[in-house]
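Paired with subunit B in one complex and with subunit C in the other, subunit A is shared by the two complexes that follow.
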Partner chain A sequence: MTINRYGQVAIFLACAAGLQLAAAAAGKGFLLTQLTMSAYYTLVVVGMSLLMGYAGQISLGHAGFFAVGGYTSAVLTTLDLAPHRGSPLVAGAERLGLLLVRPDLYGGDLLVVRPVVACALAIALALVLAVLVGIPVLKLKGHYLAMATLGVGTIVYSVALGTQWLGAADGIAAVPPFPLPFGASVSGRPDGRIVNYYVAVGLLGAAMLLALNLVQARVGRALRAIHGAEDAAGAMGVDTARLKLGTFVLSAALAAVAGVFLTHFNGGIGPAEASVMRSVKYMAIVAVGGIGSLWGSLGMSVALTFLSLRGYFGVYDDVVFGAILVGIMLFAPQGLLALEPRRALAALRARLRRAGGQAG
Partner chain B sequence: MTPFLQVSGVSKRFGGVQAVSGVSFELRRGMIKAVIGPNGAGKTTLFNMVSGFSSPDRGTVSFGGRPIHGLPPHQVARHGISRTFQNIRLFEHLTALENVMVGRHLRSRAGFLAGMLDLGWARREAAGVRERALETMAFLGIEALADAEATSLAYGQQRAVELARALASEPELLLLDEPAAGLNMRETRDLAGLITRIRDRGVTVLLVEHDMSLVMGICDEVLVLSYGEKIAEADPATVQKDPQVVKVYLGEDEC
Partner chain C sequence: MSALFFQYLMAGLTYGMIYAVVGMGFNIIYNATGVINFAQGEFVMLGGMIAVTLVAYLPLPLAIVLAVLATMVVGALVELLFIRWLTSPSVLRMIIITVGVSILIREAALLIWGQNVRALPYFTGTEITSLSIGGARVSPQVVWTLAACSALVALTTAFFRWSSAGKQMRACASNRVAASLCGLPTRNLITASFVLSAGMGALAGCVVSPITYTQYNIGTGLAIKGFTVAILGGLGSSLAAVTAGLVLGVFEAFAVSVLPSAYKDAVSIALLLAILFLRPTGLFAARVAYRP
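Moving on, here comes the complex of A and B:
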């Protein structure tokens, strides 16, 4: 008996709750901070998993979309618009209730964009960027998306690093909490740790459910068909370029959402979030979780990101993810969970013997 | 009566090879027409120009009065044209039923949002798609294969699944690229009966074929190509007696 997708998500949420209770019982509630961050990064991975496993495309720019989301929200909620009250844009936005006045760290008042509005604009900007990149590139067959997104990622990183009002190498700090209903908020305050953990896990569960629904639906079936025989899918009326674009844009939106919320949770964002190495990490995680396996990607992402954030890989962090990528491609291209240990060992032995033979 | 499909003076060159040169023909609604000719005569190229897989260098293709040459395959499909492939192109990792369900892609419309949110109407639509796909498979007598992985089936069964997939879109024009290739005599006879029944449902059929028994038995008209040019077009009995056809098709020794 297989469990349907709603049941699967329920089990995931139950496991997450169990983890929280175990951490509390062990007196290690502080671990929730890194688990919360892993959940947000995993949101990016869920989108990447859809893109790689179902649209058959690779993106090397998802850290860029994450940063576009995070930076947009950070700038809009910290930049004081009071000096620009005279401009029609600011005045109009204020009249529409899109802005709010909040105290800054030094007791003064700041006129800034409401976090909810900033979040919407951040996601919209990432969507527009993804559409602009995706439309020309996804009409071509092959892995041009990887190259184009590599370019986007590099540009976003360079802009973040080189722009003064984006904080240059320091990034943007003092990003305010993101208010939620019932007085809760997305913020790094220690007393909100448990709530924030459940917010992140809930968001991840919801994204996962949307993704699982999608791959079962008409669009998912058409995407799998493209994977199996692209020309025949076209003959059945499947608009390949459009479906690939939709998946790409969706994955970019998920990355932007993750960027927005993690930025409010951390209270800031820096250019490292936009680095290409970060994008490579996302890709490595999807590869190790199994291309086309949403749950595998989610599990691997939470585990590996948590270990990485806790500093278990030390200065070798990038090396670990690089090695994972190479290892997976050589020995388990279907992902770690699809690995049959005996066959993998045999392959490894054969490879070593061949290498030994050449050396001798 | 205006022709259903009108191909006018289409030509296609691949490098130094003139695959098709200046071929014109018509198809009336409700008929079965075959394109025959020796290997390399340009049959498949002609076929690809009708289905959007290749665009003619010169000439036009119009369907129901609208030009369709140069459109990509997925847009040609939207006009109500469906096809099968000479070397079967089933979707790997999908079951036979799922393959046929993809055939109903154009007859359903749930997009990204409806799919992600698992909306009620999208669910009902998916159930309808599934039902119609099963009906189509039952029409071809292959409903028992529904849950098998499509590419693991026997050759003849794969052909049937591909035919079901093409039919599931309820096309007005069905293009069959060598449907009898790889089938034994009994299977070919069954196929002939099937194509006739498909025509009786109101579907116009254009097929490319090598198997003369199939062509002569069921076709209303036959178009003969040789070295990319049309050398004859008539009913099967006339074509069979045409000395030029006999010469290029059967070889001079047999004259």
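Moving on, here comes the complex of A and C:
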């Protein structure tokens, strides 16, 4: 029996709710914080899974898009515009209601951009960047694309690390909560933990539905054709460049959304979010979850990111992800879940029986 | 003014030589296997690190020789363990594997040597010794680096052009099936290309260590620069890579003279992107070693 995509997402949401109830029953509600963060990182992985698994393109720069989203939102909601009230841009924005005044930590007043507006601008900036980078980059293949996206990621990282008003090595702190309807907000306050968990899970579920819709429609078949044989797909009338660009931009947008929300949730962002190692981790997770398996990537992402955030890997964190990359690509290039233990066992048993038969 | 110009030029040439050597390392492996080895920068780091450790017990020249040999063993191991036994792997798979290997080497270095920045002693004199060349003060280590890397480039070129092993490796690069039909041990030649490439990187890592210092995480940056150089020269061509390396080094040195040095990497990567977008076949490429 196959379950359609709505059923699959419903089961996912039910599992997430079950997890929350179990955590509450066990008195371990604090675990929801890391689960929420895992869900946001998984948003990036869903986009990466589309890009790697369906469009067959490799990106070593998605942490860069995550950081562009997070940093833009963080700067706009913390930078005090009051000294620039005289400039027509700031005055105009204030008249349109795009800005708001909020108290800072020390009781003074800050004139900053409204979080919703900042969020929209952050995603728009990531989209523009993705299109600008994507058009030329996606003409390249294989290792050219990998190096080019690695380069983009490195530029974002070194700009974040080297720019004073982006906080340099310290990053940006004191990012305000992101207000939601009904008095809720995306923030790290302990009393909003459960709400925030469901916000993250809901966002992930929506992204998953979007991705599943995409891959099961005409676009998805075209993408798989590109992955299989790009030239053949082109000959069949698939607009390969446009589809690859579309997938790249969509995955960058998902990364930016994740960056915006996680930055508000954590109350800050640092340059480590833009590091190359972070991009490599996203890639490792997609690889272990199965290139071309959205649910596999999602499951592996939540599990591995959660374990990593809880510190189970200790100082070996990067080693674990490196070993996963190498191990999976050497022994199970289709992903861990694609290994068929039953078939492998059957083959083993058949071989043993044959050996036994010869002996007897 | 002209002294200052010369100073930047020398700094640029020093870095450029290192980039050129890393770029040539890329080319050697790329020619043999069609794979871009993302762990190339790690060989440079390993050479420097091992030499710094050994120099506490051994005279400097011996420490460098042993460090280069040890890195060659690592290069051989990488090929034997991760590359050799895969049958016709996809480019995607090879990229991911070499990226993973680079992380494993880097993290192993972190566990062994920690985060400390290390350096070999200056080969002659100390850090304040300087030679006067054309009115500019130049460290003797700069001369060492330029001389060692030039010698390395010349020897490698001669090796590929005239020695039997070098000719076999070129045959393997231009057509692996034909080479193996002629009875050449193509698999061993590929291992040899990893060994050679690792050794070159390690030697470069040793001579430049007193000036640029060595840390566990310098590999990624060097890999991107080396790749830029390999692309700039047209993937697969060694002398073009050297020219490209010197151009990139000098470009970077002058860029840093006007921009904050935190953006140094960003500048050369922007150059890489510009080249990839405008001329992915390289600036000097007459014969393009293009593999789809």
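Simple rule for what comes next: the second predicted complex is superposed on the first by the 336 of 360 C-alpha atoms of A that agree within 3 Å, B and C clash if a C-alpha of one lies under 4 Å from a C-alpha of the other, contacts with A are read in each partner's own complex, and residues count from 1 in each chain.
In this section, a contact is a pair of C-beta atoms (placed from the backbone, for glycine too) under 8 Å apart; a residue touches a chain by one contact, two chains touch by 3 or more.
Please read all numbers here as calculations on a predicted model, not as lab measurements.
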item: Fit or clash between subunit C and subunit B when superposed on subunit A; value: fit
item: Cα-centre angle that subunit B and subunit C span when viewed from subunit A, reported as a multiple of 10 degrees; value: 80
item: First (subunit B), second (subunit C), both or neither touched by A:22; value: neither
item: Touched partner set for A:283, first subunit B, second subunit C, both or neither; value: second
item: First (subunit B), second (subunit C), both or neither touched by A:235; value: first
item: First (subunit B), second (subunit C), both or neither touched by A:132; value: neither
item: Subunit B versus subunit C as contact partner of A:11, first or second or both or neither; value: neither
item: Residues of subunit A touched, compared between subunit B and subunit C (which is higher); value: C
item: Partner chain(s) touched by A:169 [first = subunit B, second = subunit C, both, neither]; value: neither
item: First, second, both or neither for A:350, with subunit B first and subunit C second; value: neither
item: Smallest separation in angstrom, by C-alpha atoms, between subunit B and subunit C in the superposition; value: 13
item: Interface residues, subunit A side, partner subunit C - complex; value: 52, 56, 58, 60, 136-137, 139-144, 146-148, 150-152, 154-155, 158-159, 161-163, 276-277, 280, 283-284, 287, 291, 315-316, 318-319, 321-326, 329-330, 333
item: Subunit C to subunit A touching residues, read off their complex; value: 35-36, 38, 82, 86, 89-93, 95-97, 99-104, 106-108, 111, 220-221, 224, 227, 231, 260, 262-263, 265-266, 269-270, 272-273, 276-277, 280, 292
item: Residue ranges of subunit B touching subunit A (in the complex, touch as defined); value: 51-53, 72-74, 77-78, 82-83, 85, 89-94, 98-99, 101-103, 105-106, 108-112, 114-118, 122, 125-126, 129, 151, 165-166, 169
item: In the complex with subunit B, residue positions of subunit A that touch it; value: 210-211, 213-214, 216-222, 224-225, 227-229, 231-240, 246, 250
